[in-house]
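Shared chain: chain A. Partners: chain B in the first complex, chain C in the second.
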Partner chain A sequence: MAWLHAWAGWPAGWILYAVFISGTLSYFRPEISHWMRPELATAREHPDSVAMAMRILQERAPDSSRWVINLPNEREPTLRVGWMAATEPGKADRLIGRFDGVVLDPSTGKELQPRQTRGGDFFQRFHYELGLGQVWGRWLVGVCAMAMLIAILSGVIAHKQLFRNFFTFRPGKGQRSWLDAHHAVGVLALPYHLLITYTGLITMMFMYMPAAVETAYRYDPGGFLIEAFPNPPHAQATGRSARLTAIEPLLQQAERQWNGAAPATIVIEYPGDAGARVQMQRSAHGKLTHTGQFIIFDGVSGEMLSIWGEESGAMQAHGVLYGLHMARFSSASLRWMFALCGVLGTVMVATGLVLWSVKRMPQRAEGERAMLSQRVVEILNNGTITGLPIAVAVYFWANRLLPVTLAERPAWEVRCFFAAWALMYVAALLQNARTAWPRHFFAGALLFALLPLVNGLTTSAHLGITLMQGPAIYAGFDLSMLGIAALLAIAAWNTSRERPERKEAAGDTLPSGTPMLEERS
Partner chain B sequence: MSFLTFALAYAGLAALSLAMNRHAREVFQRELADGPRLALRSAGGCLLVVSLILTAASSGWPVGTVEWFGMLTASAVACVLLLTYYPRAAGVLAAVLPALAVVVLIHDRYMAWSSP
Partner chain C sequence: MASPSTSYRLAVASRALAALAGGYLLTASMIGALALFLPMERAAAALTATMLSFAIYACSVLWAFAARSAWLAWAVIALPALALEALLWSRSLLVIP
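So, the complex of A and B:
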């Protein structure tokens, strides 16, 4: 079983490390997106958001066939209002057309002009596609996730002493400590590792296991998704005009229906027409299942017409597994626990990768040249494990330092991410592996530690202000960056300490590669 | 999710760890007899069950179970780090944290009861 654990984890670990880091960041997708648009920093929640949105829509798009209101919440304190623009009456198909919108500060009603960036969405997409596109990226991540599941299960079975050593961590003992760390982060967050790997595969199950669906829906491609995940029906315009009902009472009615959970999105179809419909979507907070829940109201009388999202057992099971992976239901404290587990998973993969190579590669004496394969593995390990955090930091730096008016700005931020990552492989190539580890970790720590400073210099929301007056998202982001810097600094310190101890250990044996040592081992 | 349930989960895990000889040596400087070991082990198990029930009571079983697993991991991390670097503090906190949590709970209840 130990061999299965080792070969399931390698080489998938290089991909899984990237998946774990981007996935952990994705728990904070709205917060990252908000921080990366500092023009929105002043936005505050306000109870009259709906009235404000309706006023704007009446003013700017009275003839639109579709209004969309995304209400502010504590994670995204802006009010986003959108409408279908440029559809001609008569031949208007609501799903085809130009969509316009504005972002508002709910407390002042001022229109905000955020900079162009992909924000936290980049990490979420990268998490399951790695920038390789819908087919290759998703399949590669899927294969690696399957390898991960095998590695976790075989790891638990192969290493039964795991539970005897449940609370054990012995620092300062070289390879023994790294092994302890690998076991500890693996076992302590074992429920999470199993859950997140399994549910991750579930999110793409129709792509990975298409046989059943393709057999049943052979003559109707696409029919399955329409039947399995039905959307509320679209309204029909009548051409007769009628006054739109007040929205606030509908909000309260929806909240009662959902046991106090607030609507997150309001869609109004054909406002001002007798056939108008108001559709409310429940916020994801507090319910495990990921499937959307909707209530449809008559847009003129305000009558509740239908409720969507009460589903069959099988669909609920799918929705819950999907929802557990996304963790959008969780409170702030639970989200931090998910993030902690994500960090533990990242450390587990990283230590696993290093242990794999250390165990299989012959120890070499001081000054001895490494074998080519050993060197390649070292460079890939170093460039991946230290390069990705650095790339993340560089992505945030680029967001603050690239000119706001730069053409294709979002693409340039992403280019900076990949360029930094690629450069770290080159940097690993040019250095001795033992010195590269602490140096790169230290560089990463420095880049993260300086981010609050860069933010303070480029925006007016520096830690001195945000800690006292908010916005809390900024304070939280900056403190998290300092936290990541501390983690990388610990890694730098531990990898720099490695060397003297190993020398010491080698002192009481013989230089590696001698016949004597081979006999003894 | 509350301080109380975290404290109970931590105390439970700490009790389970102290029932193991290696950690008993670190914290008490000696191994425990079979009696106290068994007592610690069952107390640890009970504390974990109580923390699960309390979490479920406050957040409902679906979300509560998820929260409990998260808390279990978080408190286990705390437990391992303390046992490694401050073994005596790990033992002391196992007793102090739940007591502190109960005081916080009583305070909250009192405030809820005394304010309209």
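So, the complex of A and C:
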């Protein structure tokens, strides 16, 4: 099982490292998106948002077939109002036409003009596609997630002394310290690793494991989605005009129905028509399942017509497993626990990768040239482990430093991310591995540590202001960047001390060829 | 470090194939059968079976490497998979769409 653990874990390790980092960042997708649009920094929540949205929609899109209101919340304090633009006056068609919208500061009603960026959405997409597209990216991540599941299970079986290993830490002893660190972070967050890997596979399960649906729906392809994930029906326009009902009483009715939970999105179909429908979607906060919960009201009488998302059994189980992966339900403190486990997972994968290569490479005498395979693994390890955090920092830098009017701005931010990552492999190629580790970690620490400064110089929301007066999202983001910088600085310090410590502990390291994980079982 | 013998390498390759390909086939036939025969509505049965698939696959992979011999690993994975496939196939002959 130790053998299986090493060979299932290692080839997937480089990919899993990227998946762990981007996944951990994705817990803060709304916050990252908000920070990356500093034009929205002044926005504050306001209780009258719905009335404000309705006023704007009546003014700007009275003939629209579809109004969409995204209400502000703690994590995204902007009010987003959208509508399907009418193709000709007085005659709106839901399917033809373009979707327009505005972003507003709910406290002032001022229209905001955010810069073009993919924000935190980029990390979430990268988390399951790695920038390789829907087919290759998703399959690659899926195969690696399956390898991770195998590595976790076989890792547990390999460690008969799981808990003794957990409480053993021998710092400053080269490879032993890496092993102990790998055990400690692996076991500490073991329930999380198991949960996040299995639920991650669940999110794409129909792609990876289509056999059950294909067998049961052999003669009815397409029937599964309709039966398992029914969507609320669309409204039908009658052509007779009628006055739209007041929205506020419907809001209160929805909140009562959802035990106090507020709607996040309001969709109004055919406003002003006798067939108008008002659809409210419950906010994700405090709702374990990922399945959307809707209430549909008659848009003229205000009568509650139907309630969606109260399904049972297998559908609920699926919704909850999916929801546990996304963690949108969690409070801020629980989200930080998830993120902390994500960091531990990142460290587990990184230490596992280093262990694998250190262990399997023949010991090198001082000054001896490395074998080609050894160099390749060293460069891949270094470029991935140190390159990705640097690429993340560069993505944030690019967001603040690229000209706001630049054409294809979101694409350029992403190009900066990948260029920085690729460059780190070149940098690893040009240096001795032992000097490359501390240098690269230090460079990463510097890039993250300077981000609050870059933010302060390019926006009017620096830490001096945000710590005192908010917005809290800005203060939290800047402090998190300093936290990441501190973590990378610790890594830089540790890897720079590695060499002399190794020599001292030379007698303590294992002879090469000893099965690494079985030594103490 | 002496390099492993050819027969050892072949046995490892055989187990790996049993784990990856054999395990996937066993999983696919098992969840196919579960989707048909679980006593639930068919959408719920298909969902339940698919959610269990990764646990079944993981167990198959662990088994492939834990079995005493590569032959035994293959037998325990391939025989049930073939039996289930035969069951699903014969049922598809009986059920008229």
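Brief remarks on what is shown
The rule we apply is simple: the second predicted complex is superposed on the first by the 486 of 521 C-alpha atoms of A that agree within 3 Å, B and C clash if a C-alpha of one lies under 4 Å from a C-alpha of the other, contacts with A are read in each partner's own complex, and residues count from 1 in each chain.
The rule is simple: contacts are C-beta pairs under 8 Å (C-beta built on N, C-alpha and C of every residue); 3 or more make two chains touch, one makes a residue touch a chain.
Fair warning: this is a prediction, and the values are worked out from it, not measured in the lab.
Partners chain B and chain C, brought together by superposition on chain A, fit side by side with no clash. Touch criterion not met for A:Gly260: it reaches neither chain B nor chain C. In the superposition on chain A, the chain among chain B and chain C reaching more residues of chain A is C. For the combined arrangement built by superposing the two complexes, chain A sits at the apex of an angle of 90 degrees to chain B and chain C, based on C-alpha centres and given in steps of 10. Using the contact criterion defined above for the overlaid structures, shared-chain residue A:Gly222 touches neither chain B nor chain C, since it reaches no partner.
Once chain A of one complex is fitted onto chain A of the other, the partner contacts of A:Pro403 are absent, as it touches neither chain B nor chain C. Using the contact criterion defined above for the overlaid structures, shared-chain residue A:Pro47 touches neither chain B nor chain C, since it reaches no partner. When the two complexes are laid on top of each other via chain A, the two nearest Cα atoms from chain B and chain C are 19 angstrom apart. No residue of chain A lies in contact with both chain B in one complex and chain C in the other. Against chain B, in their complex, chain A makes its touches with residues 164, 166-171, 184, 188-189, 191-192, 195, 286-288, 320, 324, 329-331, 333-334, 337-338, 340-341, 344. Interface residues of chain C, counted against chain A in their complex, comprise 1, 27-29, 31-36, 40-51, 53-55, 57-58, 61-62, 65-66, 88, 92, 97. Those residues of chain B that touch chain A in the complex are listed here as 1, 13, 17, 20, 22-23, 62-63, 66-67, 69-74, 76-77, 79-81, 83-85. Put simply, chain A touches chain C in their complex at residues 1, 3-4, 8, 146, 149-150, 153-154, 157, 198, 201-202, 205-206, 208-209, 211-219, 224, 227-228, 313-315, 317-318, 321, 512-513.
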